[in-house]
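What follows is a pair of complexes built around chain A, which joins chain B in one and chain C in the other.
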Partner chain A sequence: MTIRPGRIAVHFALILYTILALGPIFLILINAFKTRRAIFADPLGLPNGQTWTTIGFDRVFANSDFGLYFFNSLTVTLVSLVLIVLIGAMAAWALTEYRFRGNTLLSLYLAIGIMVPIRLGSVSILRMMVELNLVNTLTALILVYVAQGLPLAILILGEFIQQIPKDLRDAARCDGVSEYRIFFSIILPLISPAIATVAVFTMVPVWNDLWFPLILAPGDGKQTITLGVQQFIGQYVTDWNAVLASLTLAIAPVLVLYLLFSRYLVRGLTAGAVK
Partner chain B sequence: MTDLTASSVPVTDVVPTRSRFPIHIAVFLAPALVIYSVFSIYPLIDTIRLSLYAGDETGARSFVGFQNFHTLLTDPNWSGQFWNALRNNLIFFAIHMVVQNGIGLGLAMLLSLPRLTGGSVYRTLIFLPTMLSVVIIGFIWQLMLNPLWGIAPSLLKAVGLGSLFGPWLGQESTALLTVSLISVWQFVGIPMMLIYAALLNIPDDLLDAATVDGAGPFSVFWFVRLPLILPTLGVVSILTFVANFNAFDLIYAIKGALAGPNFSTDILGTFFYRTFFGFQLQVGSPTMGAAVATAMLVIILIGVLIYLFGVQRRLQRHTF
Partner chain C sequence: MADVSLHGVDKSFGATEILRDINLSVDDGEFVVFVGPSGCGKSTLLRIIAGLETVSGGEIRIDSRRVNELPPADRKIAMVFQSYALYPHMNVYKNMAFGLKFAKTNKAEADRRVRQAAEILKLTPLLDRKPRELSGGQRQRVAIGRAIVRNPSVFLFDEPLSNLDAALRVNTRLEIAKLHRDLGATMIYVTHDQVEAMTLASKIVVLNQGRIEQVGAPLELYRSPRNLFVAGFIGSPRMNFIKGQVLRAEGSSVTIGFAGTEATLDVRPGSVKSGDHVTVGIRPEHMEAGGAGSTSLRGTIDAVEQLGESSYVYMRLASGDDVIVRAPGETEASPGGDYTAHVPTRALHVFDAAGLSVLPERS
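Take a look at the complex of A and B:
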């Protein structure tokens, strides 16, 4: 049934598209380690003994607080993720486990946030953050990202909790274990595989976001890495070494994490899609 | 008789305890509901409220009804920009629907071929750009297409299309198309993954039955697989729609808040930003910004409602 020439054509098409998808990123990475002359004379060549330099990176570290921006992004992303998973799992548990009046209505209310982007409320969010004295703090970003990530996380975690066998909690209830302990000691450890899925949908948009850092925390050393790179490149637009180096620094951690965990991320994405 | 009364006793016994809302459910729900309501739903409602007010130089606000929307849609200072942004956004969306979702469908079809070697490697690598920040992608392509660096023209020359090259991001006639295609390039992985997952879910029996009945690969695709993945195509469409009408980062990174040249890449997201924060000589206005945001909300809601009540219902009736 499989015809060889057909298969070769399929692989040819897929390899061609893969090159198109990765080529630009690859070019940025290799040119970040080359001298300015080599960047222009031979953009497609790999850095060698003659052209190798890290001057761009030196300049980035000398002229900006990259370490700090990176730390800010890491803090915001990780704290948001922990809160989204914890608070989201609690709500998902309550909505899937207990039958009570208003259950469906609450589920629908929480679902609004999946379709309606929270960005459109930015005018009021900024006003509120000014009143709460939270402008230029990471707290402001975390609060907004948790509110933004919760609806989808509750949906995904709810589906996951439904698959946990009923016997487990019923057995615990027979032994007189409290509802809180059932959740924190039995359910929460069991949903850890779902965290990968939730992470795809919540962490990546948070790490990459430009909008909220731009309007809520644009200064005072509270910039995230995305905003930091945007501001840095705006200033050093003609310094090709520095621009390429800053892009490489922004790409590298995501690239490493993605290649390490891609199996879980891709599985989470396709599993989430089936539902 | 005794049976009936006996069984009715526990019922009356249960009612008073059930009418009190169990405290642990409230404890589980409260944190999520509070954060979500305060930082997501309340700002959206407050934005709609603000759009009905106008502020003066002193900061005092007065209720003006739909005056802001009237200004937005008819005042020559505003309406030109608004309609331009809406038109560009529709083009932006149309390009994504055709090119992004078309390529995504094609790649998913190839990847779902039975016994394809290296399928997961292709999937992982093609999805990679989607993980990176839109801002980074914007800068990468700005460098790639920069005539100074000359990578794009020399690559085009290598395949004999050198004459096609131009400063695509800088020309009014090509800037919007170029920006859209950069976004397509980045996000093609999402429709690819979603459609791939849907294709895997089609039982092999169905495809085999069709093949046994004499259907060629093309008819199998057109009459068996495509109808079965229509619900997923619907989901992909609405996700594309909401993401496109909410886009901002890419245009801002590549072209700045002015969305040049001459507003040719201006979409609703950048228009909203300029209205809210101001630019050059124009002072930002929170109330006009709220009006633009409300208009965007209405547009997105119309899209979601069309999907929920038009597309999704019909599709479900079609497939089951």
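Take a look at the complex of A and C:
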């Protein structure tokens, strides 16, 4: 196999980007296991016999309700994810499969949701949540994240659904399969790679979000992990050991979920359907 | 088992008319083939019968029952698609059993039917495979199996062989013919391939630009095409068409001059008169090499194709018309040489200026 210069350039760029992307995560991981003095003296050094400590983790578990924050984040992320994928896929199926009055208008309306950041509406959202008595609940966060994730999900899933051969749906209709059944038994399994993509794209920003937890659910017992970490960052004193330790713990589940979904990202399931 | 009939069926997409006033009846157990060039509306007509398209006007009856408003599943039909349309994430067994789950068939019965269909189609060893692990011919058989297990009154085939290679196509064609004999079900089959139409059909429907040009048994269409389109579409190589003129007309007997020769034959009385321009049609296989007889065509040879059992001689007449002659066996004719072909009068077709045949109905 000959190696062309173009390939080398591409790989070089990709490696550079990987280092850039993974660098901060790596820094957090190594410094989470170092003493405060070592963090500042040699931020890039690996922990060794003298600098190794787990004091950050001890403090996180002792001084905060880490388990609760973690549970809150997980609940919000997973429920949002399920709702976005389910409602998104159903909406995408309806918009691509059925021709009805207002179809194009509805698609355009949803496209606007991709272009306009939801944070512009923070004030109205807060006011709405206050009136609905939803402030300081996880439901408020879930509702906002579902609204935030749906437009892109519908766009991506719609594109995929369009690629499913029309004959498949017709064959199912001849088989006497109901429209709901066609969606759940044929369309959903076939767009699972797209669902994995959507899941990754929606999950990461939701898990990492600080903005909405801060304004909608800052109360005790409802904080998410990103908000929980904040209590270790003070105006005058910041407990870096605890901050880094809790960040390390926060990264773990996202990484696991990402690895889980990424297996399906590239997989094409439609091979063999037609021709 | 059931008969199918269409009464004044119209279909348009927006302002585009796809089908115009289609009237057709398909008897119980018949094998009807819709044939025509691409875009003639034959697939749309099949999808209308299946219930996958709605009509703009007219009525569809299956088993003497109006089905216009019924969804596909309630029409007792099964369709085999050109692309096979197998569910890619299900194995062969599940592909065939999937539809039965929703037809309220109990499990044991469904299993029996799937295994029986698999037996008929020699799919038993493949039941656990996914569609992507099958060859084109096997996928096609699964698609047919999926139709069989539903035990439909009417089978609908939409160009089922066009994705197969030539050898497999002949094989599968024979299998479909055998299936029709064994099941005795009504079958409607769409193809653009006139060989498939001729070999499979008990009745051919020739469609062109959304209209039915002619309906009839295969040989009926071959012997007595009603117009220029059917004459040109049925038969391979295509029928030769030569411009001609009516020289004399006395009652039903007319003499037509074409390409420097003439022929006298019977037509429907009054259909043409002296001086009318007509088109004379003659099939390549009906011409005879050599100059015997009163009507013959002379020209120079453009090309010769030797197939062994027969040869095709492409010649250009002095009148400028191109003509193909099928000579049995091998020929010594070679390009550039002169060639003479005898035209038997009884094999001639004559079409008037509007393209309609003027020959009397042949029995």
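Following the convention adopted for this analysis, the second predicted complex is superposed on the first by the 209 of 275 C-alpha atoms of A that agree within 3 Å, B and C clash if a C-alpha of one lies under 4 Å from a C-alpha of the other, contacts with A are read in each partner's own complex, and residues count from 1 in each chain.
By our rule, a contact is a pair of C-beta atoms (placed from the backbone, for glycine too) under 8 Å apart; a residue touches a chain by one contact, two chains touch by 3 or more.
All values reported here derive from a predicted model rather than from experimental measurement.
Undergrad: Counting only touches as set out at the top, which of chain B and chain C does A:G49 meet: first, second, both, neither?
TA: neither
Undergrad: After lining up the shared chain so the two structures overlap, which partner does A:W93 touch, if you call chain B first and chain C second: first, second, both or neither?
TA: A:W93 contacts chain B only, not chain C.
Undergrad: Between chain B and chain C, which one contacts more residues of chain A in the superposed model?
TA: Between chain B and chain C, the winner on chain A residue contacts is B.
Undergrad: After the superposition on A, what does A:W207 contact: first (chain B), second (chain C), both or neither?
TA: First partner only.
Undergrad: Mind working out whether A:D167 is in touch with chain B, chain C, both or neither, as first, second, both or neither?
TA: After superposition on chain A, A:D167 lies in contact with chain C alone.
Undergrad: Would you check which partner chain A:I186 touches, where first means chain B only, second means chain C only, and both and neither mean what they say?
TA: Once the two structures are laid over each other on A, A:I186 reaches chain C alone.
Undergrad: Taking the superposition on A as described, I'd like to know which of chain B and chain C A:I28 touches: first, second, both or neither.
TA: In the superposed model, A:I28 contacts chain B only, not chain C.
Undergrad: Need the overlap of the two footprints on chain A, from chain B and from chain C, as residue ranges.
TA: Residues 178, 269-271, 273-274 of chain A touch both chain B and chain C.
Undergrad: Over in the complex, which chain B residues touch chain A? Could you list them?
TA: Its residues touching chain A are 21-22, 24-25, 27-29, 31-33, 35-36, 38-44, 46-47, 50, 103, 107, 110-111, 113, 115-116, 118, 120, 122-129, 131-136, 139-141, 143-144, 149-151, 154, 185, 188, 193-194, 196-198, 200-201, 232, 235, 238, 242, 246, 248-249, 252-253, 269, 276-277, 286, 289-290, 293-294, 296-297, 300-301, 304.
Undergrad: What residues on chain C touch chain A, complex-wise?
TA: Going by the criterion above, the answer is residues 47, 50-52, 71-74, 77-79, 81-89, 98-99, 102-103, 130-134, 136, 139, 146, 150, 163.
Undergrad: State the interface residues of chain A toward chain B in the complex, per the touch definition above.
TA: 2, 10-11, 13-14, 17-18, 20-22, 24-25, 27-28, 39-40, 43-44, 87-88, 90-91, 93-95, 98, 100, 106, 109-110, 112-113, 115-125, 127-128, 143-144, 146-148, 150-151, 154, 178-180, 183, 204, 207-211, 214-215, 226, 229-230, 233, 240, 243-244, 247, 250-251, 254-255, 258-259, 262-263, 265-266, 269-271, 273-274
Undergrad: In the complex, go through chain A and note every residue touching chain C.
TA: Residues in contact with chain C: 165, 167-168, 170-178, 181, 185-186, 189-190, 269-275.
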